[in-house]
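In what follows, chain A forms one complex with chain B and a second complex with chain C.
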Partner chain A sequence: MTTASNARVFISATHDPRVNLAIENFLFRTLSKFNTSHCLFLYKNSPSVIIGRNQNPWRECNVPYLESHNIPIVRRFSGGGTVFHDHGNYNFSVMMPRQQFDRDAYIQLLVPQLNRYAGNDKLFVNERHDIVNSSNQKVSGSAFKLVHSHAYAHGTMLLRSQLASLSQSLRPSYIGSIIGRGVESVRSPVANVEWLDDHSFEDSAIQAFKAFAKIESEPLPVFQFSSFDEFFNRCGDLSLRDDYKLLTTNEWTFNQTPKFEHKIPKDNGHISVMVDKGQIVEINDQSVRKNDFPLPLPYHAEEVEKYIPTYGPIISQAMKN
Partner chain B sequence: MLRLSRFAAPTVNRLVSRSIAPAASRFYSISIPESSPVRKYGSGDIKLRFSKDHEWLALHEDNTAFVGISEYAADSLGDLVYVELPEVGTTVEAGDSIGAVESVKSASDIYSPVEGEIVEVNEQLNSTPGVINKDPMGEGWFVRIQLANPNEIDSLLDDTAYEEFLAENSD
Partner chain C sequence: MLRSGWSLARSAQVLVRPIAFRSVRLYASFPDHTIIDMPALSPTMNQGNIGEWRKKIGDQLSPGDVLVEIETDKAQMDFEFQEDGYLSNIFLETGSKDVPVGKPIAVYVADEADVEAMKGFTAEDAAKELGQSAGAAPPASEEKAPEPQSTPAESSSPSKESSASDASSSLSSDAAADTTSAPTNRIFASPIAKMIALENGIPLKNIKGSGPGGRIIKRDVENYKPSASPSGPAASASAPAPAPESGSAYVDIPISSMRKTIASRLQASKRDAPHYQVSSVLKVGKLLKVREALNAEGAEQGFKLSVNDLLIKAVAAASLKVPAANSSWLENEGVIRQYTNVDVSVAVATPTGLITPIVRGANLKGLVEISTTIKDLGKRARDGKLKPEEYTGGSVTISNMGMNHAVNDFTAVINPPQSAILAVGTTIRTPFEDPTSPSGVTFEDTITVTASFDHRVVDGAVGGEWIKALKKVVENPLELLL
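This part shows the complex of A and B:
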C-alpha cells in the first residue's frame, strides 16, 4: 500500500528538454534516497527531437535541418524510437518499483481518464504500448527504462503539436543508405488530441497515477517548479548538474551512436564511409583506396568539406541532401 | 570460501522468508547449465554470485569471472534487440556501467559487480542479442572480468541469498 508520503508528483514549467530529461533522470536515480516508491513527472519541451538510448540520429532525423533551425537533438536514457517535442506535446513519466513494471499498466488507467472528455473519438492502447485515436493514428508514444530495482514508463501526448514541423524534423536527409546496429524507429501516422486541454490532461494523469500507485483518498502534494535553479535549490544535490551536463554533450548525443556504415552511390557503385563514435574512421571507394586525408574526422558535412578534398563534396552532399 | 559464505545465512531465516514467498511467484533458474561455455572455460571450482542489480558472476580459479544478467532481469526486459558491450581493456570499479541492453522500447544498463579489467566480451551478442533471453547463464554471458581483488565477491549474494532476495522482491 502506497501512501501519499512516498508517492510524489512534479510538474515542470521549464521547457528546456535537457533540463527536463536531467530532472527526470535525477528523480529516477534518487527514488530510494528520497524514500519514494512512485513518482509522476509532467513536463513539456520547446521544439526538440528526442532520440532513443540506442539510436542513430542521422538515420532517424534531419540533422542539417534541425541544426539550421536551432532545434536540439537530445539522446534520452530510455529505449525506443525518435519523437518530436514542442509546446503542444505533453510528456508524462511514471516511476515505479521494478516488480510492478508493466508496459501498459499506467496508460491503461490513463486512457479511461482521458476518454471522460472524448465524445465519439475515443482513445485506445495498441499492441505497441502506444495510445491511438479511433482512426488508429498515434497520439502518444511510449518508452521504458529499468535500472536496479526501479523502472519508469514515459510517453508523449500530442495535443496541439505542429505536425508539419514534426514530419519535417523526422524526415532523414541522407542520400544512399545507413547500415548499422542500433534501434530503428517504427514510423506511424500521428494526430493531435484536439478535444483535450492541458489542464484536463494533467488532471487525468494525476488521477491515473493515484490509481496506479494505489493511493486512495489522501490529497497528493504536487511540486511545481519553473526553472532548473529552483529545482536544484530544493533538491540540493550536485549530481543533478552531471545529468544535465551529459545531455548537452556531443559525446552523448552523437558519438554514442552504434558504429555504422554510410553507403553513398557514386558512378555505378558506391563509396563506403565507416563511422564509429561519431567519427569517420574509414572511407572506401570501390575502385581506389585513398588515405590522403586526416582520419578520424567528425561525421559532419562542414568538417568533411574542409578536410577531404577528394571525397568531401560527394560525402557532404550525401549528408545534407 | 564458497561453502563458508553459503552456509553463513541462518537456516531458520531462510525457511521463514521462503514460506512467506507467494506460491504463484515464477521460478527462475539460478544455476549455470551443464552445457554453458561459462562452465567449460576452466576445470576447477566455480564460485557463483549475484548482485542486487540482477547480474550474475561466475569466478574461475584464474581469478577471472564471467558476468551476465540473471534470468529474472532478462525476463523483466523481454526479448532483447540490442546490446552495447564495453571495450576489452577497460578497467572498472564495482557499480560502474559496463554496457547497455534494449528490449521492446526498454533500455537497461549493465553494471559491473566487481572492480577489475574487462578481458573478454561476448561478441556473439552483437548479432544475436536474443541469446541472453534463451540462455542467460550460458551462451548469453556478457563479459569476462579479471578481478582486482577476488575476495570482493564475498560482498555479493550467493545463490541461496539471491533466491531469497528474489522472493522478497517479487510480491
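This part shows the complex of A and C:
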C-alpha cells in the first residue's frame, strides 16, 4: 500500500554527470531514512561517457579522443554497459523496494505512455529489457542495482542525441586486442526518437511512475533543483559530497578496472602489457626477455611514452591509434 | 602371520600411497573451515560475474557485511554475508565471469588464528571436498579394490600428526584384523560433513562416502534419507538425537551459527523486554466450521486452509484493533513504532532450528493467499532456502504447537524488536455449562492461546484488550469479513 507521501519525483536541472550520479546514489541510499517507498529521478547530462561498474574504459570507448575533447568518462554504480550521454538524451531512474524488483515492469508501463505521442512508428520492449523502435534500433538501454532493501532500474532515452559524437566516443582506439575480465558492452544500432521532446518524455515518465507505484489517483510531490549546492543545502548530507568526489577521481574511474592484458601485435609475435588497477604491472616481449621498467606506471599514453624506454612509444601508439 | 601381514602392509602402502598420502597431507593439515559458494542473489540467477572484493584475506566477517560485489545481467548486487568468521581464501578474482551459482568462490574460518593455516588450500581442494571433482577419486577406489576396503581408510583418517610410518605401523598391526566390512572406530568424513550430520542427528556410520577413499563428504550427508523418515510438517521432534558412541557419557554437539543466533536473540529478548502473559480459552467450533466450508471449495480451486491460516488472519485483525501490540520499542530513536500493516512472523521448526518466515501485510491478504504463502515459506524454511528478507522483520509472531497433542498451552519468547507473540496450544474438547442440555453440559472444541507482551510497550490492560479482540474474532469468524 503506497500513499502519496511515500513516493517522490526528483528532477535535476543541472547537467554535470557526476553530480547527477551522486544525487541518484544519495536518493537510493536514503530511501528508508526518508520513508520513501518509490522514487523517480529524471536528469540529463552534458556530453559524457558513462561506463558500467565493472567495465574496462579502454575497451569500451575512445579514451584519448574523450580526453582531448574534454568529454568526461564516468564510472557509475550500477552494472551493465557503456552509454554516451548528451543534452539530447534524457535519463530516468526508478527506485523501488527490493521485493518489487523487476527489470521490465517500469519500462512496460513507460512505453505505452510514450506511444501516445507516436504516429505509426511505435516503440516496444525487447528481451534484453531495451526499448527499440519499429526498425529494431535501440532507443533506450537500462542497468540495475540491488541492495538488501531496495533496488533501482535506470535507463536512457535517445531523443535528439548527437549520434556522430556517440559513435566516435564509443569506438575504442587501441590496436591489438584487450583480453580481460570486466563486463563487455553489447553493441546495438541506435536511433533517436524524433517525435518526443523533453516535456512529453517527462510527462510520460511521471505517468508511468504513478502507475508503477500504484498511486494514480493521488498527488505526487515533485522536487526540482538546478544545482548541486541547492540540493546539497536542502539535504545537508556530507556523504553526498563524498560520492561526488569519488566519481571524479581516476582511482574510481580507471583503477577500478578489472585486470586485463593489452596484446600489441608486432612483426613476429606480440608485446603483452598487463594492467591491473589501472597501472601497468608487467610488460612482456616474446622475442626479448623482459627488461627493467619503472613499473607500476599508470596505463596512460603520455606517461608511458615519457617513462618507458623503447616500448613506451610503441604502447602509446597502440593506445591512441 | 606377521610376515604376511607385513608384506600386505607394504604392498598396500605402495599401492595406496600416491593417493592416500596426499589425502593425509591435504585434509589433515587444514583447520576446520567453511566453503562459500557463489550465491543466488535473485530467484532466477544462474550465474554471475565477480566484482570488487570488499573484504580481503584475514578480514573479519560479520552478518550484514558486504563480502563481494556481484553483477548479473546488467544488475549490480552486493553479496551480504550472514555469518561470523574470518575470510581465509579467495578463489575467484575480480572480473571472473559467468561463475555458476553454487561454485566455491571463497573460504572462511571461525578463528582468526586459522587464516594463516589455510594458505595452501586451493579451489581444487574445495571442489574435492564438495565432491565435485571427478579427478583422483574413482581411480583410487578401483585400485584399492583387491585390498581390504578399510585399509586406505585406516591410513588416512588418523589425527593430524600422522606420517607415512605411522600409517604403515597401523596397517601392519591392523591389516590382519581388518577385513572388508568390519566398521572401524574412526568415521572418515570431512569437517563440514561431520558438522551437518551432527546438527541433523544423522548417524555417519550409516552413510556411504562418495569422496576420495570412501570419505563422507557434505553432499553425502545432504542426500542422506533415513529409511523411516518422520512425518509431520513442523514437528520439532523430527531430528533424532545424535547416537552416542557406546560407552561415552555424553555427545558434544558443535554450536551451529543458527543456534548461536537463536540463543543470543532470545536471551536478549528476555533480558530487555519485561515479558508478561495473558491467556484465553478460545471456542473454535465456529472457526473449524468456517474452515470446513471454505475447504469444500478448496479441492477444486487448489487450496487447503489450515487452522493456522485462520489464526494468522485473526491475529492480524486483533493487531489492527489494538495497534500497541503491533509495535516496536526503538529506544535509540526515542520512539515506539506502530506499524500500519501487520506482518505476521510464523514460527517454523526446521531440522536445524527455529526460524520465523514472515507473511507480510497479513491484514491485507485473503485466506487463500496467506495459506499458499505459508506453505511456500514453510517448505523453503525447512529446506534452508529462505532469503534473509523473508525472515527478518515482521511486527508480531504466532507460534503454533497445535499439532502436538500433549501441549495444552505454552508461553513463547517475544521476537525482538516486536512486542507480542501468540503461543497456540492444541485443540481440546472442553465441557461448558449448558442449561439447555439434558446433562447440563455441552462439549466444544477449544484452543488455549497465551500471548506474551513486552510491558515497555503494551500495558497489562492493553494486552487484555488484544486478547479480547482476538477471542471475539476467532469465536465470531465472520467478523473477519469486516
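As a working rule, the second predicted complex is superposed on the first by the 321 of 321 C-alpha atoms of A that agree within 3 Å, B and C clash if a C-alpha of one lies under 4 Å from a C-alpha of the other, contacts with A are read in each partner's own complex, and residues count from 1 in each chain.
We adopt the following convention: contacts are C-beta pairs under 8 Å (C-beta built on N, C-alpha and C of every residue); 3 or more make two chains touch, one makes a residue touch a chain.
Everything numeric here is computed off the predicted structure, so don't read it as measured data.
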Quick check on the superposition: with chain A as the shared anchor, is it clash or fit for chain B versus chain C?
clash
For A:155, decide between first (touching chain B), second (touching chain C), both and neither.
neither
Considering only touches as defined above, state whether A:88 meets chain B (first), chain C (second), both or neither.
neither
I'd like to know which partner A:278 touches here: chain B for first, chain C for second, both or neither.
neither
Is A:180 touching the first partner chain B, the second partner chain C, both, or neither of them?
second
If we overlay the two complexes on their shared chain A, which of chain B and chain C does A:147 touch? Say first, second, both or neither.
both
Which superposed partner A:57 touches (first chain B, second chain C, both, neither)
neither
Thinking of the overlay built on chain A, is A:99 touched by chain B (first), by chain C (second), by both, or by neither?
both
Among the options 22-30, 274-282, 292-300 or 382-390, identify the stretch of chain C whose C-alpha atoms clash with chain B after superposing on A.
382-390
Indicate the residue numbers of chain A shared between its chain B interface and its chain C interface, in ascending order.
52-54, 77-81, 98-99, 101, 103, 129, 142-149, 151, 181-183, 258
Touch list for chain A against partner chain C, complex
1, 52-54, 77-81, 98-99, 101, 103, 129, 142-149, 151, 180-183, 256, 258-260
Seen from chain C, its contact residues with chain A in the complex are 41-42, 49, 51-52, 69, 71-78, 80, 93-97, 340-341, 361, 364, 388-389
Of all residues in chain A, which touch chain B in the complex?
52-54, 77-81, 98-99, 101, 103, 129, 142-149, 151, 181-183, 258
Given the complex with chain A, which residues does chain B contribute to the contact?
52-53, 76-77, 81-82, 84, 100, 102-109, 126, 169-171
